[in-house]
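Given below, in the form of structure tokens, are the structures.
Here come two complexes built around chain A, the first alongside chain B, the second alongside chain C.
The block that comes next holds the complex of A and B.
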């Protein structure tokens, strides 16, 4: 078996295949990065909505809770299929990459809303009272008091979820998005042995994910400061 | 070029028992993989805490490699590459082994953190009180570790329940796999997958509540019930 793998190597790492895999790796990275960044923005909006007190915004608050709870209890594959078929039936002709991106965005905003909410809650209640006593509005309190303290708590798990999404986007291959896993299936169908193709995929995913994981760990270590209460 | 589409859940109702049976299979896969993963994780965390430098390096490499690659590609490897070496796995076995190995890596990491949370001063206090080694483990280490570990372990169990959906890609007829089949028979895609999503919400909510109750009353862990 090993001799066969070695014999395949020069043909497998041809110029065309390397470019194909590199482009696919870029798609995997873009899908998770863009999905996570837009997810952070939406998650922030959701977390802030949950902090509002106005009675008029109560339905909006319930909707936020419903969305965050729902999308954290549906597998990514099922969300992907729902978004895929919803767009197919609505008649909008979106590229598959955009469809997958919307699915990543939905699930990312739900998870990140929870992370950001937990970060907000880590700031002591007295800080809110102090800001209110100084006549800060809610948005001013968040901007000048809460976020400067909460971001240290929010950043490490948010980064962890970004790395999780790099691996989750492998599922986007199921609707035909040409990312790393889909590229692997194409090469396998072309007759390259599965051990070589999927072994290479595992190494490529590792090369994307591991440096980011190390970066996240360093970030966590440098952000962790003794908290005096 | 908008197309009018009316939702027709009527065609899906006859399939509810089929989906429910699929949900049971999903739960079964999640439970088996979690138990297997817990065994690997306990051994792995013990090796990381008490083992020599060689074994620590091996366990570290296993955890780092499996947590930095997608579970889907790991199962692809087991299912499509192992037959070349003469090991032929059924789709169910490939998914179960893949999920177990993957869970083992994550659970090693989680449990190591739990082991490390036992403070040396707690052990010294137990020694001063004349606890034997077994008593120390029974009355000091285990209650402490269970209380600290139960919430992240429950969380991982919920994530794994959702993760079982990728078994569908290999043709295992669990909840999502059956949804694919029913979709192919009825073409009511939105209806099938929204009902399937509902099933996942129900089974994960049930798991959260049950685990939360166990955690609160058996281990005095701080957990939410919904």
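The block that comes next holds the complex of A and C.
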């Protein structure tokens, strides 16, 4: 078994395969990073929208609730298929990778909106009262008072989500996006042993998520002692 | 001429009425003490004045000018002239003492930071916390936090100061340090509305006292009259109960 694996190595790590895997890893990384970053931004906007009180913004709030509840409830794969077929039906000839990007954006936004909203709500109501009584606008309150306090409630679940999300992007292989998992299946089908192929994937997934884990741990540690900034 | 005139004010939390036609006047330099049993609507008046709760009817005039609490500009103008200190201090937990006191004047009122900090240091010195500028609220005792909250309110240079049961959440031995600070302000002629259960204190500093029950002002008068010769039965019962404790 082991000797067979070793014998496969030179052929497996051919120039072509390395480039193929690197491109696939890059796709996984891009899907995760774009999803996480746009998800944080859109999730923040959604969470802020839900905090508004004006009756003129009520339709916007309902839409926000609808989007977050919807995309948190349907499976990742179903969202992916929905986006995929929606674009097929509408006749837009969008590359598969773009379809996957839109899907990860929708899903990450919905999840992160809830994580951020929960963080906002963890801040005591009396902080809002004090700020309002001193003429802070809603956005000023969020900026100066709420976010600095909600931050450390938001970080752990947000990073937990990012890590899960990296693995979930594997589902994009189902619509034919060439990311790590898809690449693994291709190489496996070419005859390379599953142990070698998926062992390599394991290492690559780890290499993508480990720095993120470290960053999360470091941020959490620095927030645990806000006194010693 | 009264600087604050409240007429026939009504308000409710959802379907529960809390204020049932309140009328009160506070003149410049006056100190109005609001007393009464819990749930009588004392704090609600202060929350309405600072724009945290909308009245359902009635009028509020500031220096003769009607304030429309449904109009955001009016609310902003009122908050520019009034300041409130809350029962639970409500200090910003993410900011140091000095930041708590300077944030609104610097960021919201856009006054020059140097001048604001100078003023803030003087105020914190005055409330006895000149050595706590860089502390965070959770490093301070309740009494210290409440004095920071008072300094924060004063940094806004308010014309009228609203005090909402500011000693109710404090341990008994910390009450006097906060009340001493208010005595200082009273001597300086600050106009104040004080909701409190500290009857001795109210009697001492207030220029007039309003006794409230079930959303109404039952009786209003000079402290000596309210405490020593109440005209209404409910006032008499309340005062008697309080004194007995």
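Following the convention adopted for this analysis, the second predicted complex is superposed on the first by the 224 of 229 C-alpha atoms of A that agree within 3 Å, B and C clash if a C-alpha of one lies under 4 Å from a C-alpha of the other, contacts with A are read in each partner's own complex, and residues count from 1 in each chain.
One rule holds in what follows: a residue touches a chain if its C-beta (ideal position, glycine included) is under 8 Å from a C-beta of that chain, and two chains touch if they have at least 3 such contacts.
Only a predicted model underlies this, so the values are computations on that prediction, with no experimental measurement involved.
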{"item": "Which of chain B and chain C A:98 touches, first, second, both or neither", "value": "neither"}
{"item": "Chain B versus chain C as contact partner of A:145, first or second or both or neither", "value": "second"}
{"item": "Partner chain(s) touched by A:77 [first = chain B, second = chain C, both, neither]", "value": "first"}
{"item": "Touched partner set for A:7, first chain B, second chain C, both or neither", "value": "neither"}
{"item": "Which of chain B and chain C A:201 touches, first, second, both or neither", "value": "first"}
{"item": "Partner contacting more residues of chain A (chain B vs chain C)", "value": "B"}
{"item": "Where chain A meets both chain C and chain B, residue numbers", "value": "none"}
{"item": "For the chain B and chain A complex, residues of the former touching the latter", "value": "1-3, 5, 64-65, 67-74, 76-77, 80-81, 83-85, 158, 162-166, 168-169, 176, 179, 189-190, 193-194, 196-197, 200-201, 204-205"}
{"item": "Chain C residues within the chain A interface of the complex", "value": "50-52, 76, 79-80, 83-84, 86, 88, 90-94, 103-104, 107-109, 136, 139, 156"}
{"item": "Touching residues on chain A, where the partner in the complex is chain B", "value": "1, 70, 73-79, 81-82, 85-86, 88-91, 163, 166-168, 170-171, 173-174, 181, 184, 188, 193-195, 198-199, 201-202, 205-206, 209-210, 213"}
{"item": "Partner chain C, residues of chain A touching it in the complex", "value": "126-127, 129-136, 140, 144-145, 148-149, 226-227"}
